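Look at the two complexes coming up: chain A is in both, with chain B in one and chain C in the other.
After this line comes the complex of A and B, so read on.
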């Protein structure tokens, strides 16, 4: 007899979770993007993406490129292009990554903690982030403008 | 977040909703554990399994954390809660009317 574990549900409350940004289905965003607050992706987002909050990739949503998330990641959709290279997409999550039964990841996923659900399709590699792994990138370094003498 | 921000957030991003994540790919925790004690802080709290049954409202749950999906019986009871309450009220009124008529006659 197969022993089945109970299922989990998640209540998505945009106000309580401070998810104030949304990329609707059919919308395509590409480039150097920064979201202050959480982000709900139902369309496509690609490029250098930084999310200061939680990232929710909804079913049908796609995220590609270099992504940094300061909060948790909820993956119901797709991370990376379908059949894409793991080096093309990398996501660094400073919180916990939840990959649901509909979630697909072809990119490189890095997170402090990972929770997989049955049916989750993790095709790319996963790396556990440690506390010291949070290295500054070019955008974090504020350089003084070089003035003329 | 002020009221205006909350209004636009709810209008644009959407109202709260629950979504099914699936079955955890992990060993299930022992079902018999009732009370969890944190050895470092001494804090005690109900384990995950009992928490679902003991707590009726999940309004104070930690934000963004998955919880166990309620069982089939509880989901059915919650879905038909209004009908069950209506049936109970009608039964109460019916009983009162019956005994009133019985005592009157």
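After this line comes the complex of A and C, so read on.
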């Protein structure tokens, strides 16, 4: 049984992917953060983080805390602290989560689909989000008309 | 890993000026920073993956294979155990040879001591219990522990896996996964 295929390559086009935000290497951001458009993390981001777009955690980049991503996740770096508790970091990704061979996750990862490449280090729980999980919850629908009173 | 850069036809004019900006730190030791300074298309090696379907390369339940299993391979080296589609097996099994599950199993499938076996749960297969084997490949449904020790676990796009997965190497291709993953570190020499 041969399960191996030639090395896959992932094509990333920051312009087409609307990755307009970048946390550079050496930068540490902590707190309640919201990014409209994609985010590239080469430094360190922690806290309550919301990304309205794609999230790319580059090699060397670290993301910790409670994270919600409306697009896809590309994990080349680290999610959660090294040796951290899965409860300390959770990431909910409404799209596909790609974890490359260099990606490390010690947190709780939730995504609609998971593509995990050989060599990726995924520790902790993973949960596939079902369609029902994407139904808007109360705090998400405050801008929607409620219909009849 | 390597990254290739090419000029995107739709890139903005200001990106073609070639003047360094505040983000221009040059290349770092990981080799990625410079590539993201001027946004271009990158091709990144991400590791080995699985094709969406591997029916051609994975063991299939042909009748001749079943006959082979029924008559028994005398040396036992190539025999493959089969839980055929439509069969409902309740109980624990100790495996001394590879095993394919296309039916339903309620119980544990455990690799015998001193042998290395692979377990394949095909698209129609459903295992409610623990699977312990050096190589575990799932295209169907499992509920329980998948324990490959330092071995390999492959979860295909049609797989639905609930429980705990212990692995040395793992590949997941879009599976429906609701599990805790636990990587088993390679044993050091002499331990």
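Operating definition for what follows: the second predicted complex is superposed on the first by the 130 of 149 C-alpha atoms of A that agree within 3 Å, B and C clash if a C-alpha of one lies under 4 Å from a C-alpha of the other, contacts with A are read in each partner's own complex, and residues count from 1 in each chain.
Convention: a residue touches a chain if its C-beta (ideal position, glycine included) is under 8 Å from a C-beta of that chain, and two chains touch if they have at least 3 such contacts.
Here the structure is a predicted model, which means the values were calculated and not measured.
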{"item": "Overlay on chain A: chain C relative to chain B, clash or fit", "value": "clash"}
{"item": "Residue contacts on chain A - larger count, chain B or chain C", "value": "C"}
{"item": "Which of chain B and chain C A:60 touches, first, second, both or neither", "value": "second"}
{"item": "Partner chain(s) touched by A:126 [first = chain B, second = chain C, both, neither]", "value": "second"}
{"item": "Which superposed partner A:18 touches (first chain B, second chain C, both, neither)", "value": "first"}
{"item": "Which superposed partner A:113 touches (first chain B, second chain C, both, neither)", "value": "second"}
{"item": "Partner chain in contact with A:35 - chain B first, chain C second, else both or neither", "value": "neither"}
{"item": "Partner chain in contact with A:72 - chain B first, chain C second, else both or neither", "value": "first"}
{"item": "Identified clashing stretch of chain C versus chain B [44-52, 62-70 or 98-106]", "value": "44-52"}
{"item": "Touching both chain C and chain B, counted on chain A across the two superposed complexes", "value": "3-16, 19, 22, 40, 76, 98, 100-101, 115-120"}
{"item": "Chain B residues touching chain A - in the complex, by the definition given at the top", "value": "1, 5-6, 8-10, 12-26, 28, 58, 61, 63-69, 71"}
{"item": "Chain C residues touching chain A - in the complex, by the definition given at the top", "value": "1, 8, 10-12, 23, 25, 28, 30, 32-33, 36, 39-51, 54, 57-59, 118, 120, 135, 137, 152, 154, 169-183"}
{"item": "List of chain A residues in touch with chain B within their complex", "value": "3-22, 40, 54, 71-72, 74, 76, 98, 100-101, 115-120"}
{"item": "Residue numbers on chain A that touch chain C, as the complex places them", "value": "1-16, 19, 22, 24-25, 40, 42, 58-60, 76, 86, 96, 98, 100-102, 113-128"}
